[in-house]
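Shared chain: subunit A. Partners: subunit B in the first complex, subunit C in the second.
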Partner chain A sequence: MKVGPALRDVAIAVFALIVVLAIPLLHRSPAFEDFVIRLSAMALFATSLNLLVGNTGMVSFGHGMFYGFGAYAFALMMQMTDVSLPIAAVLAVLITTFAALCVGAICVRLGTDYFAFITLAVQMLFYSIIISWQSLTGGDQGLRGGIPRREIFGFELASQLHLYQFCAVVTVLGLLTLRHISVSPFGQTLRMIRDNEHRASFLGIVLWRARLFAFTVAGAFAGLGGVLAALFVSGAYPELADWPNSGQAIFAVMLGGISSFLGPVLGATILLALNDVVTRFTEYHGLVLGSVILAFALGFRRGVLDFIRLAWPGRLR
Partner chain B sequence: MDIDALGACLTTPACVVTQTTSGLIVGMLLFLVAAGVTLIFGVLKIVNFAHGTFYMLGGYVAYTALGATDSYALAVLSGALSMALFGVVFERALISRVYGSNVLMQLLVCYAVVLIFDDLVKIVWGPEFHAMGMPPAFQVPPLFIAGGVVPPFYAVLIGIAGLIAIVLGLGLSMTRLGKTVRAAAINPQMVSVLGVNTTLLFAIVFAVGGGLAGLAGALAAPVRSLSPGMGFSVLIESFIVTVIGGMGSITGALVSALLIGLVRGFGTIGFPQFTDGLIYVVMIAILLLRPQGLFGRST
Partner chain C sequence: MSGLITRRTMLGGSAASLLAAPWVARAQANTLRVGMQSILSGPIALLGTSSRNALMMEQDRINAAGGLLGRPIEFVFRDSKGQPQEAARLTRELVNSTGCELLIDAEASSGAFAVQEVVRDLGVACIHTNSETSSLTADPKIRVPTAFRVARQGVHDAVAGSAYLSEYANAKKLNKWATCSPDYAYGRDTTAQYLQFFKQFKPDVEVITEAWPKLGQPDFTEVITKLIQAKPQALFTLLYAGDLSAFVNQGNIYALFSQIAVATPNVDYPVLAAIKNLPAGIQSATRYLETFPNTPANKEWGQAYLKRWNERPTNWSWQNTVAMQFYEAAIKKANSLDGKALAAALTGMKINTPFGVDGTITMRDDHTTIGYAIGWGQTTPKEPFIVDVKAADWGKIIELETDWKKQQKYI
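Let's look at the complex of A and B:
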């Protein structure tokens, strides 16, 4: 990889981080900060899914499992032990990574349709474990009682502003890492597998190994998103690992555009904003969301950023 | 977990009969839904994520039809026929536009349909649970077989579903239409070149699949309650059935639906908290040992 593009990505990330961090200094808006905190979790979740969907051509319908796994692992560790927050977060992500490795080992050898099925089924298995293991997870009530928000490096995460800053930093760093993976030779390999797996195989690439690695990395970053979600709701709920959550992530990816790196982030932004607006006006938010999905899937046939890139070829990456 | 209870049940004929019957009910209803999923996948290579919606709507249509006509037979018939029609409309209006595009598009279209119809059902029938109630003809004392309780309605349900399994199986292997459908599953272009109207054939396949799911929903309505979103758990289970049996195989769907039904029937005794989980465990185990499913052809 050339140095130029990598530096440019870092510059964009730093610039975005400065802008996001500067906004509350100029104008405090609890609703906006709340939105960004939720968005940070969703953006990591959707972008990690796109490493599978857009980069590797693996449509996982069970990605919410790792989002929920990260959230539960983190929340449980914070409640049951007295390790500090960063250590709990890192451990939660590591455990989720290991879970993704195990699940991936079962799933990645299957063909496209089977893969979508089995990831969904494994997610539902995980969901039913959460529901039935009441002594550990609190069952369908979720893990209540809150997460002790211990101070880290002068950050007081009980304060919304500090949580906002923490989420912004973690998300931008996470996205930058994902971007780095996506443009690395390994990321190119994944795209080759997506476009022509036979040719990739002829060139000596072990398909299942590359897919398993992509699946594991994607699971890890979904877990990181789950950690942020657990911090925001101060607990963990089975809904985080339920199938509509996976559906939302797929939709966010699709809405923003699967062939643009920032597509899922944009998609997550639109989706969250849409949810917020629609739930204010009607209780039938599935009806509206479903209609929007249909319009995108059958009308545009691609996400917003992909659409823009097609309209101005060569201008945006 | 209660292994002792399971052991005690397995040694008492009464308990075995009762649990087997309830397992067969679950299995047979599941077969009707899964047969549609596997048929549609076999011929069209489309994973119909909206198949649970057909099941749900079939139940609700039957519920309304029963209120209007007071005849359970007519209610079941209208549930099945309306969903056959809905299947054709769904295929022509939406699914035919995403043939050949990637799984993501097909999945999204189906996901959108699930979201839309779950809310439409809420608007039309309300968000609360509805109970259809047992048809008067079946409000008779249960049969006793070896001390086990078997309500007559259950026996009729199993009979109807079994009959359909036979008709479907014979229809696919013996009739001209069935042979054409199987040929289209292997090579649709060739079938089309030989002068068969594949557009019509695809619509028929969706009609049969949708009709079966609607039938299952209507048949299940008296024994289960109706609620928006009820299609999803059935959808997941019918997927599991299709995957275990081998995608595209009707025999596989029947065998694995009964397997899942029995696991459910006896699982409630042995693992009351973890019956759902048990089914996923069975599926993962079978996929590990035989990735193409019990009756699937390896590709």
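Let's look at the complex of A and C:
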């Protein structure tokens, strides 16, 4: 990999981080901060899914499972043990990674359609376990009692500003890592598999191994998103691991654009903003959301960023 | 290459400014905004709309009387769709960007627990009006200093219902019972709670079969045939809303209700309206009934609601009404909207209200209400739908509730 593009990505990330961190210093808007906190969870979730959908051509309908897994693993660890918050977060991501490895080992060898079905099936299984294992998960009422916010180096995550800063840093680092993976030779390999798996196979690439690795990495970052989501709602709820949540991530990817790295982030932003604005005015938000998605699917025929890149080729990459 | 960054930044910047626009709007300085969130869409939207209807009546009443602290009140209603993470977001939004100074949380239980944690962080006054799950206020780990509950509670209903049903079972010599409840935490937990108290009151009771239909199940044939084959003498069911009316309508086809005695605590006016031929003699609790407590004030409120909305109020309607009555009294007493000051005023407060069994309801020290009307009677196909209503004994309810709390290690 050339040094140039990598440095450019780091520069953009640092710049974005500085901007996001500077906003509360200039003007405090709790609503904006809440939005960024939620967006950070959703952005990691959607971008990690795009590593599968856009980069590898594996459409997973069960990605919400790892989001929920991360949230539950983190929240349970914080409630049941005395480990510090960063350690609980890292452990939660590691456990989710392992879960993704196990699920991936079963799923990745299957063809596109069956892969989509079986990821959905595994997610339903996981959701049912959450609902049934009441003594551990609280069943359909979710994990109650809140997440104890143990202080880390004078950093108090019960404070909205600190949570905002924490989420911003974690997300920018997470996205940078995902970006690095997607432009690395491994990322190129994934795209090659997407475009022509037989050719990739003839070149000596072990397809299932590359796919499994992509699936595991995607699961890990979805888990990280889940950790942030759990911090925001101060708990974990079965809805986080349910299939409509996977659908949300797919919508975000489709709305933003699958061939642009920042597409899912833009898609997540649109989706969340749309939800927030529409629910203020009507109870028929499903209708509005559906119409918007229909307009994108029939009008643009691709996500926003992909559309812009196609309209002005060469200017945006 | 620098052009590339600029364009992206420009796009991001314009998107951010578009998003920020609605957040700049603030409440008019004088109006007191009260945030209300609930389930206003989907299959159980009734939960939210009947709550909202009652609150709009309260808004008119309070404003006609000069508002709160001399300020007119205005409700801001939000739909959580029943999703906990959305519920948590809305609570923050109502307080942080809409400028609400008081909260009415009319979410079902899972949403209420999410709201509870946000209220813990925000420190604003909040009254939960629809969650009946006892642990929300009973568990000291979950209780929040500025959050209260004005709603019936699972454990109160279980004691009252079991006491009534054990007397009924003794009188009719009904020992073999069956249960039929929705297959999720509420159905399983609450059925277990009823049975625990039931067996305490009537040790020779025997449960010979259990049915656990799924929530929103359209066809109850297998459940009904299972019940008929097991030949119990009586059936206890926690089905509610659309499930309950569907079950009764389908049970009627099999003449289920002439073969076994039936008891349910979940009959509400909309359920009664949805049942085609309401069988007489079902043992039923009153969730809200115009004729219980049989006072002019209760009747008047029920009729006013019917006149304004062209439908009958539900259990949630009275609970939300009482929540505003508590806020009104507490704000007068504290002369403040501050969460801590209101919490101090609300704790131990007793107010006069048509929905109390003796015309009053008390907010106990553990942030939950007692003394509200709980009665059991039997159904009749015509108005008033439930007759021979016997009021529950609150002394016994509190005694057994205390035992239960000790058992759960809450006290």
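Note that the second predicted complex is superposed on the first by the 317 of 317 C-alpha atoms of A that agree within 3 Å, B and C clash if a C-alpha of one lies under 4 Å from a C-alpha of the other, contacts with A are read in each partner's own complex, and residues count from 1 in each chain.
FYI, contacts are C-beta pairs under 8 Å (C-beta built on N, C-alpha and C of every residue); 3 or more make two chains touch, one makes a residue touch a chain.
Please read these numbers as outputs of a predicted model, since none were measured by experiment.
Looking at A:Met254 after the superposition, I want to know if it touches subunit B, subunit C, both of them or none. Which is it: first, second, both, neither?
Touch partner of A:Met254: subunit B, not subunit C.
May I ask you to decide whether A:Ala297 touches subunit B, subunit C, both, or neither, giving the answer as first, second, both or neither?
first
Return first, second, both or neither, reflecting whether A:Gly286 touches subunit B, subunit C, both chains, or no partner chain.
It touches subunit B and subunit C both.
Which partner chains sit in contact with A:Leu203 here, subunit B, subunit C, both or neither? Use first/second/both/neither.
After superposing on A, A:Leu203 lies clear of both subunit B and subunit C.
Using the touch definition from the top, say if A:Val53 reaches subunit B (first), subunit C (second), both or neither.
Only subunit B is touched by A:Val53; subunit C is not.
Quick one: classify A:Leu110 as touching subunit B (first), subunit C (second), both or neither.
After superposing on A, A:Leu110 lies in contact with subunit B but is clear of subunit C.
Check the residue A:Leu136 against both partner chains and state whether it touches subunit B (first), subunit C (second), both, or neither.
In the superposition, A:Leu136 touches no partner, neither subunit B nor subunit C.
Quick one: classify A:Leu7 as touching subunit B (first), subunit C (second), both or neither.
After superposing on A, A:Leu7 lies clear of both subunit B and subunit C.
Answer with first, second, both or neither: which of subunit B and subunit C does A:Phe232 touch in the superposed model?
second
Do any residues of subunit A touch both subunit B and subunit C, and if so, which are they?
Residues 284-286 of subunit A touch both subunit B and subunit C.
Under the definition above, what is the set of subunit C residues touching subunit A in their complex?
Contact set of subunit C toward subunit A: 1, 3-5, 7-8, 15, 18-20, 22-23, 40-41, 45, 78-79, 81, 83-85, 88-90, 92-93, 96-97, 109-110, 113-114, 116-118, 120-121, 133, 135, 139, 141-142, 184-186, 188.
With touch defined as at the start, can you tell me which subunit A residues reach subunit C in the complex?
Subunit A reaches subunit C through residues 8, 12, 15, 29-32, 34-35, 38, 131, 134, 138-142, 144-147, 158, 160, 229, 232-235, 237, 239-240, 262, 266, 269, 273, 276-277, 279-280, 283-286, 315-317.
How about subunit A: which of its residues touch subunit B in the complex?
53, 57, 59, 61, 106, 109-114, 116-118, 120-122, 124-125, 128-129, 132, 243, 247, 250-251, 254, 258, 284-287, 289-291, 293-294, 296-298, 301
In their shared complex, at which residues does subunit B touch subunit A?
That would be residues 41, 45, 47, 94, 97-98, 101-105, 107-109, 111-116, 118-120, 122-123, 232, 236, 239-240, 242-243, 247, 273-274, 276-277, 280-281, 283-284, 287-288, 291, 299 of subunit B.
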